[in-house]
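Below, subunit A partners subunit B and then partners subunit C, in two separate complexes.
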Partner chain A sequence: MKRQIPALGSLLVVAAVLCLLPFILSDYDVSLAAQVGIFFIAVLGLNILTGYTGQISIGHGAFMMIGGYTTAVMSRDHGTNLVVTMLMAFAICFVVGLLVGLPALRLSGVYLALVTFALAVSLPYIPLQYSTFLGGSGGVQSAQTVSNLWVYTAAWACSAVLFVLAWLILRGRTGRAFRAVRDSEIAAVASGVELPVYKTLAFGISAAYAGVAGSLFVLAANGFAQPSEFDIFLSLQILIGAAVAGLGSLWGILIGAAFVGLLPQVSTSIPLIGAQHGRDVVFGAAVILIMLLLPDGFAGLLARLRRPTRARA
Partner chain B sequence: MSSLETPAIPGFRGRGGALDASTAAVWLFLLGAAIFLLIGCLQSKNFAQLTVEGIALGSVYGSLALALVLVYRATHVINFAQGELAMFTTYIAYALGLRGLSYWEAFAATLAIAFVLGTVLQVTLIRPVQHRSAIAVVIVTVGLFILIDGIVNWIWGGDFKSMKSPFGFGSFDVGGVVIPHLYVGMVAVVFASAVLVWALFRFTKLGLGMRAAALRPAAAALVGVRVDSMLAIGWGLAATLGAVAGLMAEPSQLFLSSTMMQPILVYAFAAAVLGGLESPAGALVGGLLIGVTLTLIVGYVPEISSEMQVPFTFAVLLLILLIKPSGLFGRREVRRV
Partner chain C sequence: MAMNRRKLAILIVGLLATAAVAGTAGASRTSTPGVTSKQITIGGTFPFTGPASLYKTIPAAELAFYKYVNAKYHGVHGRKINDIALDDGYNPAQTVPDVKKLVEQDHVFAIVGSLGTAPGLSTWGYLNQHKVPQVLLATGDAYWGNCVHHACQGGTKPWTMGWQPDYPGEAKLYAKYILKHKNNAKIGVLYQNDAFGKNYLAGLKTGLGAHKGDIVDAESYSVTDPGPVIQAHVGKIAASGANVFVIFATPTAAITALATEGHIPGWNPLTINSNVSANRLFMGLAAQNGANVNGVLSTTYVASQSAQPNLPGMKLAKKIIHKYAPNGVGTLDGQFATGDNNLVYGLAVGWTFWDALKHAGKNPTRAGLMHALRHMNEKNNPFIYPGMVVKTSNKRTFPMEQLIFEKWAGGGAGDWKTFGKVLNSGH
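After this line comes the complex of A and B, so read on.
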């Protein structure tokens, strides 16, 4: 159980480093760090769903898309304050997540994977159909644009708030119920866990996190929400981030988020492969290697590294 | 029930052979659908034209769905990279064609390469994580999805390619309905490959071993079936069927691109689930039903444009899973606690 409560020390170190980073980094590097923050939120959300209740989702990019379009459309049509649109993205995606979670009650394992995958593939087609409202393939431009530093600050502030929120949810009764559902649904029901409530709740929370991430994702792209930005690759990126992260470790999620947030930029500079294919090749190969070599992601690796030292002490 | 079905566990399936209510309902539904299509085709040329197109496209979806089902039956895992694998092998056929092979030489060579590729992937990537969890296997296939995408764009670049047409551009005229040779060829190739796979499972010792390995791995191993090899061969067969789907999808889409199979994968998911996810015959029937439904819906309902095909299929998939998760030919899973 101790694993899930990040030591206060490491939390403070991370917070301090994050506060200092903007003073050291160039503007471009700040935008990269903001990307990491955005994926931190999304991976954290998926971790709650997959890691704690054992439900898989290959479609979290769909929720990011809903959050992103919420921000862009509200800003375009009503000039809503961007922070308010992020709260709206959270609320809307929470509700959508609950709705997706309802059919998920009857589905498990591969069926859920199928449905969420199909959701993520099909959602980007919707703006093409309703192009007057959702801008077609050209996308929606929000009324305000913000600086990289703004996105960075917002992303990591949201990360901090949502991380604490996740910790509060998972440490108590709800977290216990989630884990009980993951380990055995039948045993959970027998011990009085209301399965439908907790399974849909996990979906809602997880989707809401992705929604906030999507909202920030659009702001980081100069306030431009485009269907092509939310293709299936984004969903796979989040899933990969969660796989790299492993379960329930702050450092694990940071590494997972940094991996998926930075790799697209880093891999374009790799000689030989280059450009977008480079990103895909490196991503695919890295994921497969990590699954083969580190079954529990970096969280598992860290736990393994830590254990011997403790035994010696 | 249909041919490709694995003979049941003794005393479980063949209980007197009486049609229970739900099987009867399924057959009534299929009969109704057939009558509906027949009457529609006789009434309207437009309807018949759309149906013909739907059957041709549906056979491609069915072929990919069959590949998914073969993998699912053997290992209870969905291979999310199945579509991308099909796309990759189609590019291989394209490359072979550039080197001067005729279409059908390239076709045969590609199927062989696909078989080897599928087998090797199972042995090297899937087998090590197979016993860990379903999520682990899914993530590996997702990684494979991205890897293949990257490799294809790396080797061949992102621009659209086109291949020689395998069946020419002629067409038959049946009472005013145009049936391109291409469509006839697509359906023929898909069904020929399905029949070959069925015959392999049905009449050969290898097929018997594969069925045993899928149905009762532990018991099969005890009687001397090399279960691991059987599963690897299963992946190889699935990749081969996927290659057939990719090669037949290419001419119907008129070009070759790395995202070609992504919508088709969603259609194949819906087809496989409609067929029951365990039933190979169901996958083909499901593919045809999905194909015909899509062309008719897009043809007749103005609100659903061709852009909405994928979202519509998603809705269908969700509906099937909510109403009848075991599909048309699937067995209800009995889970022991």
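After this line comes the complex of A and C, so read on.
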């Protein structure tokens, strides 16, 4: 993703496998594969912000919530075409992301992380306050609902489009500016990078991605949006997905998304510890292990594995 | 690159072949999901962990009851009942994938006894759309009965059904009691800030009618709030001068609230603890933490193993819990002895399901189960309060509509004592 299109071959393989999966998997497994697609989009978005621009967000669940509610409410009130609601989710979250990006101009590192954390913690209380419009704790049910296959197709089609979009953004001027900001803000400013523009832009793009993921997340839950679906754990899931993924590798993001998308489902089958404990223990352990062993995530690992073979050839 | 292309071609051919095989394998399907000649598979979601995990003995008792029925009566019409209880931690975000897994992967016949209002709401749209029974829910929200014939959240919900008396009906009885026994009542309410808590609060307000203004303070908490937050709310209620303290909370918060009340000097309100947290075990825990439990008021609809140990139903309950405890013989005996009434609740729900399944006929279908559940007249459920009845019809959509008041006496080692007549809590 950094310099050229990541080996066209692997892209084709991934695309082919994704096209064929629905024929092989059971309907339920298709819904799991759709979850992976949804987290792929969210992790990809966070990768742009954290990986390329060096700004940490532990509140991306909030943007997913905004996207999800956009879809649910528009469908409930106007029966809007679901694809249109996804585009709206993208647009609304882009704007909200730009606004949330403003504190990023003054804060950095852990302080910025705390702002995003506060956002993710407080946002689920908004529907409780405006319960006629946002359904309160009872939630919002969309007018249209879709099949697992629909969500799967939509999730991976969006993944493809947004992946290419990310590649286009990151390979050119904007991507260079993002990386310059990450590596040294002072040097970036000295080279003529307009810091406020690029920092907020990164937030906007990243939030927009999360918004689309949130829209799909709600559709995967049969079109039902409820505040408690978007608790702080969702934000952590995305963050963990990004940590597992590492920077700028298609395979890394796939692995990261699969990890956080599948684990909650798989862990329900662990008999003794149960879903919640199983999930928390496995996530916690995985994060510690990955930070120790693979500080650059799977992307770093893949790069390390690739290097010796190239040297030999 | 040539090598890569060849690999790719092989991969695609391989995948296509697998797809073809999988396609033919999926072709044969039985008529009713979850029902084979030997077994009926059902499922449910429960908080084995998380903020409401004190309820985890409910699924344990249900599993024990099905084991008992399978051993003693060979299940129903020769089919054993197989119940898959999954943990959702009282978190709807986990309920959704759990229920999808039960329906789409385990192909359960029905979702039975699932616990929690928010978890139930997060999946009822899905289950009704797929015409999967979502029945005998362990939550008393009015939704479960009101939305059978009236559209709620995008449509009627004929496949959904509760079991226990509904919360607004229960709260109305408390309102009546307050109006009758407390002059110049100043009511302080602690309620959970979700559909569950709001259902209760709405019922209380309806019941108070013109005296709605007697509520001087209504404090809401979130189910994930830590203890100090609950304590702060209780402190505020005390400061408001309330002389009636009504608790509409899940067990952990209710225990904290009772204990906090005990620690506030000079505050001795008439305390009402809704029956979802009135388990004897929870009252004991509250007393251990400093609650003044004597005189606390609540209601009940199941029999009590500690107060009515000689009822045939309670003797049977003791036997079943001892012998068929899911984790091995005797593992729940201590829990039963301390008076964990949720065990009796679980048995009662299991009994109703067993009863309905018998009436659903030799070849049960999902529609047949719903028909049986909507035409119950269960006078002999051994685990509910003597004299009460589980009854449904097309019009009567709440299976239980009776409650009896109870008051706590005897301190930490004491117990509930019911008083008055069996009351109608229905609509």
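Throughout what follows, the second predicted complex is superposed on the first by the 307 of 313 C-alpha atoms of A that agree within 3 Å, B and C clash if a C-alpha of one lies under 4 Å from a C-alpha of the other, contacts with A are read in each partner's own complex, and residues count from 1 in each chain.
Just so it is clear, a contact is a pair of C-beta atoms (placed from the backbone, for glycine too) under 8 Å apart; a residue touches a chain by one contact, two chains touch by 3 or more.
All values derive from a computational prediction rather than experimental measurement.
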Could you check whether subunit B and subunit C clash or fit when both are placed on subunit A? clash
For A:A143, decide between first (touching subunit B), second (touching subunit C), both and neither. second
Using the superposition on chain A described above, determine whether A:I240 touches subunit B (first), subunit C (second), both, or neither. first
Using the superposition on chain A described above, determine whether A:S228 touches subunit B (first), subunit C (second), both, or neither. second
I'd like to know which partner A:V197 touches here: subunit B for first, subunit C for second, both or neither. neither
What is the contact status of A:L128 with respect to subunit B (first) and subunit C (second): first, second, both, or neither? both
A:I288 in the overlay: touching subunit B, subunit C, both, or neither? Say first, second, both or neither. first
Where does A:V110 make contact in the superposed view: on subunit B (first), on subunit C (second), on both, or on neither? first
Just checking: does A:R76 make contact with subunit B only, subunit C only, both, or neither of them? Give me first, second, both or neither. second
State whether A:V189 touches subunit B only (first), subunit C only (second), both chains, or neither. neither
Which of the stretches 55-63, 181-189, 253-261 or 307-315 of subunit B runs into subunit C once the two complexes are superposed on chain A? 253-261
Across the two complexes, what residues of subunit A are contacted by subunit B and by subunit C? 125, 128, 233, 276-277
Sort out for me which residues of subunit B touch subunit A in the complex. 72, 76-78, 80, 125, 128-129, 132, 134-136, 138-140, 142-151, 153-154, 158, 262-263, 265-266, 269-270, 273, 305, 307-311, 313-314, 317-318, 321-322, 325, 337
Counting only contacts in the complex, subunit C reaches subunit A at residues 1, 4-5, 8, 11-12, 15-16, 18-19, 22-23, 26, 48-50, 86-89, 91-94, 96-98, 100-101, 104-105, 118, 121-123, 125-126, 129, 153-154, 193-195, 198, 222, 224
Parts of subunit A lying in touch with subunit B, wherever the complex brings them together: 50, 54, 56, 58, 103, 106-107, 109-111, 113-115, 117-119, 121-123, 125-126, 128-129, 186, 232-233, 236, 239-240, 243, 273, 276-288, 291-292, 295
Under the definition above, what is the set of subunit A residues touching subunit C in their complex? 9, 12-13, 16-17, 20, 23-29, 31, 35, 76, 125, 128, 136-139, 141-143, 145, 148, 221-224, 226, 228-231, 233-234, 264-265, 268, 274-277
